[in-house]
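Take a look at the following structure, please.
Residue numbering begins at 1 within each chain, and the chains themselves are lettered A, B and C in the order written.
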Amino acid sequence: MRERLLALLLSSGEPLSSDHLATVFGDDPDFAGWEAALDALLTEGYGPLQLVFVAGGYRLRIHPCHNTLLARLHGGTPRSLSKAALETLAVIAYQQPVTRPEIEQRRGVALSAQILQQLQERGWITVAGHRETPGRPALWVTTPEFLEHFSLVSLESLPVVQTGNGGVHRDSPQDAAG
Amino acid sequence: MRERLLALLLSSGEPLSSDHLATVFGDDPDFAGWEAALDALLTEGYGPLQLVFVAGGYRLRIHPCHNTLLARLHGGTPRSLSKAALETLAVIAYQQPVTRPEIEQRRGVALSAQILQQLQERGWITVAGHRETPGRPALWVTTPEFLEHFSLVSLESLPVVQTGNGGVHRDSPQDAAG
Amino acid sequence: MPPWAWRMGGVVAEGRPPACAIQVLGRPMESLPDGLFIPPDALEVFLEDFSGPLELLLWLIRRNRMDIRDIPVAEVTRQYLRYLHEARRRNLELAAEYLLMAAWLAEIKARMLLPAPVAAEDEDLDPRLELARRLEALALVQGQTAALNALPQAGRDFWVVRPVAHHALPPTLPQVALTDVVHGWRQLLLDPPRKPLPVHTLTSAHMGLRQRMVVLLRICRRKSRPCLLAELLPPLADRLALAVSLLAILELLRQQALALVEHESGGWRVAVMNERTGGSG
């Protein structure tokens, strides 16, 4: 029964309501128990498929655990990050939590909202709160995904950049970062 | 691995070629063995799903054992093509690239622009260029969607129709044509 | 099966009478059916369904089990004209092509009656050849149409899986290594901006935000009635001072030291937050 239900859902381009399904199945004894099968699908899914109730009907969705793979199929070709975005990310990573004006001050140029948005869409930065000063500027921090992407155990494992006294710069993983 | 492969195939509205799949999987060791998973899917299917090779790629279909049920959902017979449209499609499929006057000559009757438009709206034919003769008539060809709709791997797999003498043209002995 | 029934399925190949199998030199073994009986409603079906005169002709030839390459022109012409006559009798509109075909048939018939010229054995001189070619081309198209229509079709013989939705996909991650981030940071530390951005700290006396907030709050308390926004803004102030005043009011509203209250005469007034205005803040 589950497979029949799946066949219907998979062949349909739009969500199927309970009423619609009931019409299709009728009271044919062959299809008895489809409601139970629907419930089971809702809770258990089926392989890479999830059943969700949206817009008044049931529709299948691919389990989000496959998102990264799907992005490879549907996403464009990966591009590199612009210098501005890279620097912004660096400031947020090393100075977090940090406000937009602070990032601007550090980089010496105005920061377009687009760059923050771009980094946010990548899932690398997020707003952790607001500084309680007039205007309540957003406080930007890096996300767990940021750590994951760069294979960092924690923010403490960000390489230390020492500017010391006249420019001795060394990466030492065990030291805490600014 | 089978589920990952399924996730890709399920999310795609068109056949995926081996090359395309290979690009998506790359030589990531995580995805090793996807070719074997593909073969297994081709032979075994997955629940109500069937994997077929059509139009140069792999495409999921609902197993035909569910056809009766699916016909109930999608409503009896699909809107069928008119005889004129079907003949026009056949001429284009077998003779492509072909111009409108050529289609008219083969069928022995004038061709309304509406029919070409109808076939184009279904996504089965398209203009591939123009013949460099006076008037530059459009050259019609079939699309990959055409192949997919008619379960063809490629144009070479169109059934061979012989012109016997005496006007009986057969596709296969039991299937007398015309 | 009535002779027209196989035509009515809309598909050329389906329902063809099986009797056509037996042919000897284009002549059937059994007796011909009563080919000229035209069923009452058949003609309308024909004229609607037949794509043109060539198809009607092909149909006649096939129904009589004739050989395309050896058409008995006289007989075919006679039947063809019968159909045209019947169609006219019923006031059906006939396309000009039908009449053109009739003329062509008559011409072929006439040429066949002429004595064959010398070396007439050459097949190319058979006046029926061009007609045969065209009929064969049409027959081929019909065969191909039938073959095409016999293929498994989506939505009829099988159903494809509609693309399954997925969650919003993570955008393709840019190719960035940790060293890039570190390098970016190091560059910023090494080369601090030569000219830091001007920072508006609002320190000067007439611009101080906090100071302005205090002043505003004092004004509101003193008036002890809801005030219009215009009453609170400093008169003859420059743009910056106005902006700071507005910011101060907004900040006081946010901190709920001031409140917006609706006035009896319509519009809004700014009032000090107290028991009276508390509910409307």
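Note that in this section a residue touches a chain if its C-beta (ideal position, glycine included) is under 8 Å from a C-beta of that chain, and two chains touch if they have at least 3 such contacts.
What you are looking at is a predicted structure, and each value in this text was computed from that prediction instead of being measured.
The most centrally placed chain, judged by C-alpha centroids, is C.
Comparing the centres of all chains, each the average of its CA atoms, the largest separation from chain B belongs to A. Per-chain CA centroids place chain B at a distance of 18 Å from chain C. The mean-CA centres of chain A and chain C are about 33 angstrom from one another, to the nearest whole unit.
Centre-to-centre spacing of chain A and chain B amounts to 37 Å, using the average Cα coordinate of each chain. Residues of chain C in contact with at least two other chains: 159-162, 164, 166.
Of all residues in chain B, those touching 2 or more other chains are 7, 10-12, 49, 60, 62, 66, 70, 74, listed in ascending order. The residues of chain C lying in touch with chain B in their complex are 10-13, 16, 20, 23, 26, 49, 51-55, 58, 61-62, 67-69, 97, 134-164, 166.
Interface residues of chain A facing chain B in the complex, by the touch rule stated above, are 2-4, 6-8, 10-12, 16, 24, 46-49, 62-63, 66, 69-70, 72-74. On the side of chain A, the complex with chain C involves touching residues 7, 10-13, 49, 59-62, 64, 66-68, 70-72, 74-81, 83, 86-87, 89-91, 93-94, 101, 104-110, 121-123, 134-135, 149-152, 158-159, 161, 163, 167, 169, 171.
Of all the residues in chain C, the ones that touch chain A in their complex are 159-162, 164-167, 169-178, 180-182, 184-190, 192-197, 199, 209, 247, 251.
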